[in-house]
Amino acid sequence: MSGKPILPLIEYDAASAEVRAVYDDIMATRKSDWVNNFWKVLAHDPAHLKRTWESLKEIMGPGALDPLTKELIYIAVSATNGCEYCTYSHTASARAKGMTDTQLTELLAVVGKANETNRLANALRPPVDAQFQPPD
Amino acid sequence: MSGKPILPLIEYDAASAEVRAVYDDIMATRKSDWVNNFWKVLAHDPAHLKRTWESLKEIMGPGALDPLTKELIYIAVSATNGCEYCTYSHTASARAKGMTDTQLTELLAVVGKANETNRLANALRPPVDAQFQPPD
Amino acid sequence: MSGKPILPLIEYDAASAEVRAVYDDIMATRKSDWVNNFWKVLAHDPAHLKRTWESLKEIMGPGALDPLTKELIYIAVSATNGCEYCTYSHTASARAKGMTDTQLTELLAVVGKANETNRLANALRPPVDAQFQPPD
Amino acid sequence: MSGKPILPLIEYDAASAEVRAVYDDIMATRKSDWVNNFWKVLAHDPAHLKRTWESLKEIMGPGALDPLTKELIYIAVSATNGCEYCTYSHTASARAKGMTDTQLTELLAVVGKANETNRLANALRPPVDAQFQPPD
Amino acid sequence: MSGKPILPLIEYDAASAEVRAVYDDIMATRKSDWVNNFWKVLAHDPAHLKRTWESLKEIMGPGALDPLTKELIYIAVSATNGCEYCTYSHTASARAKGMTDTQLTELLAVVGKANETNRLANALRPPVDAQFQPPD
Amino acid sequence: MSGKPILPLIEYDAASAEVRAVYDDIMATRKSDWVNNFWKVLAHDPAHLKRTWESLKEIMGPGALDPLTKELIYIAVSATNGCEYCTYSHTASARAKGMTDTQLTELLAVVGKANETNRLANALRPPVDAQFQPPD
């Protein structure tokens, strides 16, 4: 990163009550005592901060897919898009949820292969097979 | 799809022995009696066809991640890149491996959110937190 | 589009009360009598449907930027990502909000130029000038 | 940025007359006394430098869209593509043209949401509604 | 392609003198008697049409790289971005300039592999080796 | 690059026999006495390391396209995707294979223009001309 964040980090002590409430929920949800920088730059727009955090919390929680699988998917998208911050943060989150190095390297093999074959299909334009049509 | 494939499909009957061997392995591995169009356009370069299929077979098989999880990751990448063919083919593959509609919609919620927050981080450039540094 | 939607469209008559409430709000907000297909595929996950619609409504409404400017930005992103559905739907929305053809073509000139210079910078890696650092 | 620029910066004093003429026009147009590094790496190809600068000047000037709106669009594309240099430079330009922090955070909310819904549409493939077809 | 072009095609007979001059130059440069649809949609903004065509003509002509190599690069970028129109048009152009099917399949093998390893590097973040630093 | 690699570099002395065999082949193929960091992070998955290196060696060697042209294509893709590591490493490789600065700047002019016109086509959706359909 060659420079300062585009908007300054808003630390807890300097935050409004509305922002602090989100920070508190982040820490309570994660059972941790700190808030990462992503939220501290987003805090310049408290409504957007709250909306983003609450939807993320809802989406990343347990459901038909377990939280670790969801972190793996997050890494896959972040690597595809080349987002440095997201790669570091979600790899750390996945490790905290139990991801092993072998799971990470298998994940990346799939991500690499998907990015490769996506372009082969884009360039060669095979028609979608009738067998791949979704069921009614 | 507004046109013909960029290279014509090579059907089994018209394929060389080298290409047929790959088609046979695809069908044997999948326990199916047909080969999808992606391979039929790739078959114009038999060495590339063989290499792509064999690495894909190795990567998508069982390991530290199960085959369904790998298909979910493939869908995540294909949706991020906007590859139409890959979206249809890997959604069909994931369904064949047991993906439910609820798993699909949860997957897409994560994919959408990751694509959103990737851009917020790209635009606001928060420094990577020391806590996210990988272990030695 | 070469095939069916990945999940079938859920029409109003077949929708649950929870989904209908979102459809009703979409139509009321837009003062229209129909719901577009994007929402009808998303409706398979009612919580995701509701969350996506409500955040979109909040984000796209008037604020420090007017709603037409926001639609122009949406087109810019959709063209950059190559999303066909989004290009058609947001161009139509922008026109409904008053976008002229001249505004559209000026927008696209900027989008094209930004996509060009983004890659020149990616490839040549000029250091970020001190003068571009954000203020404290 | 982990390294040197791919091609060395060409400073004014070392520049050819052809390059200096472009640098002079950049400074005159912007009423400033310095040239940013993007142009100094592009200057290795004087014809490309001149063409890129002149088209950018023409495109980013006032028209049916005002210059600030055009800078917002530039930021939207740069964040979507993840171009670090462009994010810093065009955020600085937008601020110089009067962009407030609130306009920036609203812009980013739209950019994030567009990147999200683009992928939902890519993955679910809703047919384009007849109502969204362009007028004749 | 599921719909009409976003702006109607401007045919030669309906074009202004300014647009016809560009169309004439396209046909003269290519020694052909027709203009492809890309230019017919761009013609709604005659200044942008002229600027885009003239810079493209200058860039794609012979130089330190031959015109066929430049078409191969154009295909590589278009496949990476997933642009359907550009894939069809530039594959046709490359064939008209002598590209063989074997050159095409070799090109795509490189494009696929680059898209794969780009993501492995994005995800694993190896430091740039000192040996790769550009010369002074 | 703001941090450590996601997985630690595996140096030659600490590598397994399987990994060393790949490192040895990389150095022998390139007639060099060092291995770049990309392979040292990939070495955590020896099978993936071997597969990736061997396919890359096969793809990037001489064929219907010469090795320098293949490196140019690699740079084009890496710049389009914004991969910093790949940009530095493949620009260095291309230079080692004889790329001149003029070839590089011509390459980038094409890459920039393709990224621009890809988005104009994405946004304006011209139908693919019948003349661009591939031959049977």
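Read from first to last, the chains carry the letters A, B, C, D, E and F; within each, the first residue is number 1.
Following the convention adopted for this analysis, contacts are C-beta pairs under 8 Å (C-beta built on N, C-alpha and C of every residue); 3 or more make two chains touch, one makes a residue touch a chain.
The model shown is predicted, which means the values in this text are computed figures rather than measured ones.
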| item | value |
| --- | --- |
| Fewest hops from chain C to chain F - one hop per pair of touching chains | 1 |
| Shared interface partners, meaning chains that touch chain B and chain E | A, C, D, F |
| Interface residue identity across copies chain C, chain E - same or different by half | different |
| Chain pair with the higher count of C-beta pairs in contact (D-E, D-F) | D-E |
| Most widely separated chain from chain E, with each centre as the mean of CA atoms | A |
| Computed distance of Cα centres, chain F from chain E, in Å | 20 |
| Centre-to-centre distance between chain F and chain A (centres being mean Cα positions), rounded to whole Å | 26 |
| Residue list for chain B, restricted to those that touch at least two other chains | 1-7, 52, 55, 59, 78, 80-84, 87-88, 91, 102, 106, 108-109, 111-113, 115-118, 120, 122-125, 127-128, 132-134 |
| Graph class of chain-chain contacts, one of line, ring, star, complete, other | complete |
| Chain B - residues contacting chain A, complex | 1, 3-7, 9, 34, 36-38, 40-42, 52, 55-56, 59-60, 63-65, 69-70, 72-74, 76-78, 80-81, 83-86, 88-92, 95, 100, 102-103, 106-107, 109-111, 113-118, 120-129, 131-134 |
| Contact footprint of chain C on chain E as seen in their complex | 1-3, 6-7, 44-45, 48, 52, 81-83 |
| Complex contact set, residues of chain D against chain E | 2-8, 47-48, 51, 55, 58-59, 127-128, 132-134, 136 |
| Interface residues, chain E side, partner chain B - complex | 1, 82, 84, 87-88, 91, 101-102, 104-106, 108-109, 112 |
| Chain C partner contacts - residues on chain F that touch it in the complex | 75, 78-80, 82, 84, 87-88, 91, 108, 111-113, 115-120, 122-125 |
